[in-house]
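Below is one structure, written out as structure tokens; the observations come after it.
Should a chain be cited, it is by its letter among A, B, C and D, assigned in written order, with residues numbered from 1 in that chain.
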Amino acid sequence: MNTFGELFRVTTFGESHGPAMGAVIDGCPAGVALTTAHVQAALDRRRPGQSNVTTSRNEADQVELLSGVYEDKTLGTPIAAVVRNTDQRSSDYAKLAKEDRPGHADKVWRERFHHRDPRGGGRTSGRETLCRVIGGSIAEALLAREVPSLKTVAWVSQVGPHILATPPAALTRAQIDAHPTRCPDPRLAALIEADLIDAKAKGDSYGGVITARIDGMPTGLGEPVFGKLKSLLSSAVTGIGAVTGVSWGPDDLERRLALKGSEFHTTRDVYGGIQGGLSNGEPILLRVLFKPPATLADHAKAGRHDPCILPRAVPVVESMISIVLADLWLFSLARPHRP
Amino acid sequence: MNTFGELFRVTTFGESHGPAMGAVIDGCPAGVALTTAHVQAALDRRRPGQSNVTTSRNEADQVELLSGVYEDKTLGTPIAAVVRNTDQRSSDYAKLAKEDRPGHADKVWRERFHHRDPRGGGRTSGRETLCRVIGGSIAEALLAREVPSLKTVAWVSQVGPHILATPPAALTRAQIDAHPTRCPDPRLAALIEADLIDAKAKGDSYGGVITARIDGMPTGLGEPVFGKLKSLLSSAVTGIGAVTGVSWGPDDLERRLALKGSEFHTTRDVYGGIQGGLSNGEPILLRVLFKPPATLADHAKAGRHDPCILPRAVPVVESMISIVLADLWLFSLARPHRP
Amino acid sequence: MNTFGELFRVTTFGESHGPAMGAVIDGCPAGVALTTAHVQAALDRRRPGQSNVTTSRNEADQVELLSGVYEDKTLGTPIAAVVRNTDQRSSDYAKLAKEDRPGHADKVWRERFHHRDPRGGGRTSGRETLCRVIGGSIAEALLAREVPSLKTVAWVSQVGPHILATPPAALTRAQIDAHPTRCPDPRLAALIEADLIDAKAKGDSYGGVITARIDGMPTGLGEPVFGKLKSLLSSAVTGIGAVTGVSWGPDDLERRLALKGSEFHTTRDVYGGIQGGLSNGEPILLRVLFKPPATLADHAKAGRHDPCILPRAVPVVESMISIVLADLWLFSLARPHRP
Amino acid sequence: MNTFGELFRVTTFGESHGPAMGAVIDGCPAGVALTTAHVQAALDRRRPGQSNVTTSRNEADQVELLSGVYEDKTLGTPIAAVVRNTDQRSSDYAKLAKEDRPGHADKVWRERFHHRDPRGGGRTSGRETLCRVIGGSIAEALLAREVPSLKTVAWVSQVGPHILATPPAALTRAQIDAHPTRCPDPRLAALIEADLIDAKAKGDSYGGVITARIDGMPTGLGEPVFGKLKSLLSSAVTGIGAVTGVSWGPDDLERRLALKGSEFHTTRDVYGGIQGGLSNGEPILLRVLFKPPATLADHAKAGRHDPCILPRAVPVVESMISIVLADLWLFSLARPHRP
């Protein structure tokens, strides 16, 4: 359905070309510091039109909080946040009304829902991820109070053939955001930028990998069988449109699987901070694999398309991780220990 | 928690060294053909002691159905299935009582639950997967009636350095089961068998990849945003103990991510049968990555340990997939289309 | 939490004196006829200021649909509906900021959430029921397509000492709405109206009973154990603010409990249309008991208060019933029968 | 479905004439003192054949704990409990195979599930309540540790025409259990006993009222909108087979509804300990109304039938209340307050 989480619950709504997108966050306790500016800042990191490597569509994506917050504190009631869709250039989409776009989900959507919203991607559009960022920003407001040590930072570690082999030592989001590609290695970032500008001009595209690092985890988050931490994180990030794989650890897992156990287990971080489904307190490294976006035959439209969604997907990955962690944190409180 | 699924729900229980393991399956409609023998046959495929490449622990794993079935048909009520634990060689585990086993989740479990079951792995043991196989076998009984075209077949496509590069054309489970390694390529299977026998003797271990192929899918299964088919399948298979990654498509996804979109999208099956989060009716290829089991310093115990869990994990992967598909099938019925 | 239903899910948000109230309805299938006017008509039946027997607060309660509907059909995606709060006469509430109102939940709210929204009742206000009416109106749009025979009609069958002993033969909502008290007996309605005008002037109040009749039920809705139809309907209607009891059957159940079984079971309708937790196809009669609202010492405010919430609660009771029935209907589709 | 609760979850299974009944309790934290004897003692209070006012069927109902407990403490894993059905006098039921029993749910069950278990009531039998008592006994073990002040005690306050007008001052369960009718007034108990013995002989039956009193409640349990404490308790108790109504407060609510608000609200306890959906710390009085069991034309069977289920339903009502309270208590922990 359209709800994610059990105790910290994010329900999203909105078609990309309807009146508005939004989210209702339920289960956030009372008294958490939260402002519209905090949510807006998170949305601004995902916003289209940020740089020359992203779509030139420029959507302001101004958020309004309709409930759940009073005098910059959460009330403990559901927090509803809405973003009006302003860039509804329906003329761009007019001719889409009749034809299914190749490489999009139009055909399967029509077979499932027995109609297709002629205005465009509807719920399958990448625009739905702004609702995830709203949810993530509120999850992070909660976690900032509850688990101040916790830091989730994601970055672009691969675009096409350009691979950042060694995960960087602890970085801040500000350091990642410093380059429009969100690749923290300046030399690699320059190569990626050049390729993306070229792909954008040609209507071509690139996939790649976003790596996320979670530091300062409390131990014991997750559930032993079906709610394993890796299961919940996998579910969260593979729910992002173009994601086609996920793995744990610092680098290409497939290559490491050639090793015997006696070799594989020599380095500590191969566990990725998770054992028996539960966090063990060590950093978690999660790699999220994105396929390239569908390419465009019609170069005239190329400017209004992202040649690579990874730079803008970084805050989406962080958001989904934060929603999972907020939910698991609340669960951990519901399992009291009385010594 | 310990329940998986929304409409077709599998709740599991049992510690590996307690009196019994089991599952309660809720939401299976009435009138589905189901016998104890059907569930038992599924468990026999997962059973330890099957061959020289698995643990020599020999557990009969006899299942009893306590409810929900009458005269070989489901009643539409919860189906409870129980397997008594018979091989409780507690002497093997006696000295574990005091020490956390390296590479196991003992320490993190103790920090979370404030105790550790001294009898062994408890819920984190690989033995909990027998409950998943019970659930999967009942899901498959339902799907056999509802979607007879649907076939889910998994096989071992990599163990350590031995990689089956090209996925085989449609195979049956019987063909996969013909070799104890469950690798369908005879030459590769022989190499894997030799390495596993060697590893078993030395207390070493191997990881690898299980590939699953889903044929005959109805279109439109999955939900567009949070319940995407790939999200649910990821959640299902990464919940299996040693799984450390999952990806879609026929082969090593990381390598294909080096390609431009114009190259990546030339072959049909890169979509992996899923678009916009929904099944599109084409075959789905899912790759499940397993890390090697923790290795044993104490070679005396080596015989009672699986040097590689992949052969026995094949029915577990199939089961988790089938549970997801049964659940999504019931969901699809709850979205009626009235032309 | 703030979500009701499993397959047809209504999530509500909004404080009575915040920017807006609203609901997100998830799980409504695609292709259902739905307009803003349909939802608005339902809200108008609940609106304050309708007559001399209700509060004189006059709130327009204009609804806007933000998503899930296109060209007067549902899209199969979440339907978000918002009502802006316009009558935020904060001066009325200014002095409430410091004191807990007697008879209200202010004190318990403060102890639970560690703050109290000084603007008034927040989520505990009767105003939250408009979100239930939004949900109910959409449930009824779905049911009108799926189960056209189904009719849920509620009326005021008791206010204070005035009791409508015999439930009326089948009536329409229009007939019930013809009198501002929503009591379908003209003589009794006149007595009730006089008492309510008097109570309103004096700051006094009345409770009573709303009876709901469900006709045209399909058989077999409900679940045998925890999801019994009567359990779900009880949960639904006792969740309305002032409800303090619920019972099944045509009249005062407490009186009938004095009878022996051989007497009690002579009349068919004592079963209330439910057996073994499931609907049996016969009409269901449900009685919902409301305590009188807290009374006001300060007569100056009396005009802005409902002396009896029953007339306006009639569409709320109908809405909660319809949400339950829409949810159970979808569940029934997810239990396929294959002869 | 067959699961009750969100964080403290009770999943039940079993047909009354199948091999076994049971429950899986998930979400109980680790370290709670729990023995088989504790669960058995709870079941013994519900057991048939206890006295001359109940059925003469004598079922031992011996419980076995299959998981989740080790050395008399919960492990934090699911607790599975099973009771074998021993009194399967199928000859009694042989002739039921072909005919629907009047007053039972046989017909509606057959229409819903498209079969009817010829062995008898299946899941709709009163025997399923033993699973509720298992769940309740474990909920009470948890609450005994977490909220030692909390006491839930229920008693029979009406059988047919015999009404206990004034709720007794605080009583213990032992005091209630002292009389086989579980009516704490000796004079009334004697009258009830005589009527029940008479009804049992004649195949007749009685309904009545069970009143439950919850003392020592923490404040703030419940959720403001859909998860109101009264909504959850209503759902819990109206899910018991023969319950046809529920109300709050010390006595017949219908009679009190004739009063004006200024009269109704003079006594403190009319609130029943709940305001705005949340507990306010005062005692809660809940009245549960049971219709008489279906009567028997065939007097030969009369001995094996309960002429009145209220005495045996007392522990069932207490159990359902305790499950709700355990669940809400865990929820309350998941809403942390940080001053």
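Note that a residue touches a chain if its C-beta (ideal position, glycine included) is under 8 Å from a C-beta of that chain, and two chains touch if they have at least 3 such contacts.
Everything numeric here is computed off the predicted structure, so don't read it as measured data.
With steps allowed only between chains in touch, the distance from chain B over to chain D comes to 1. Of all chains, the one whose mean C-alpha position sits at the greatest distance from that of chain C is B. Note on chain placement: the centre of chain A and the centre of chain C lie 39 Å apart, centres being C-alpha means.
Between chain B and chain C, the centres computed from C-alpha atoms are 46 Å apart. Centres computed as Cα averages put chain A at a distance of 28 Å from chain B. For chain C, the set of residues that touch two or more other chains comprises 1-3, 12, 27, 30-31, 76-77, 112-114, 122-123, 224, 337.
Against chain C, the residues of chain B that register as touching in their complex are 6-7, 27, 29-31, 76-77, 145-146, 224, 330-331, 333-338. Interface residues of chain A, counted against chain C in their complex, comprise 1-3, 9, 11-15, 18-22, 24, 26-27, 30-31, 64-68, 70, 73, 75-80, 82, 112-115, 117, 119, 122-123. Here chain D touches chain C in the complex through residues 1-4, 12, 103-105, 107-109, 111-114, 122-124, 128, 158, 160-161, 199, 204-209, 219-220, 223-228, 230-232, 234-236, 238-239, 241, 243-249, 252-254, 257-262, 264-265, 270, 272, 275-281, 287, 289-295, 337, 339, going by the rule given at the top.
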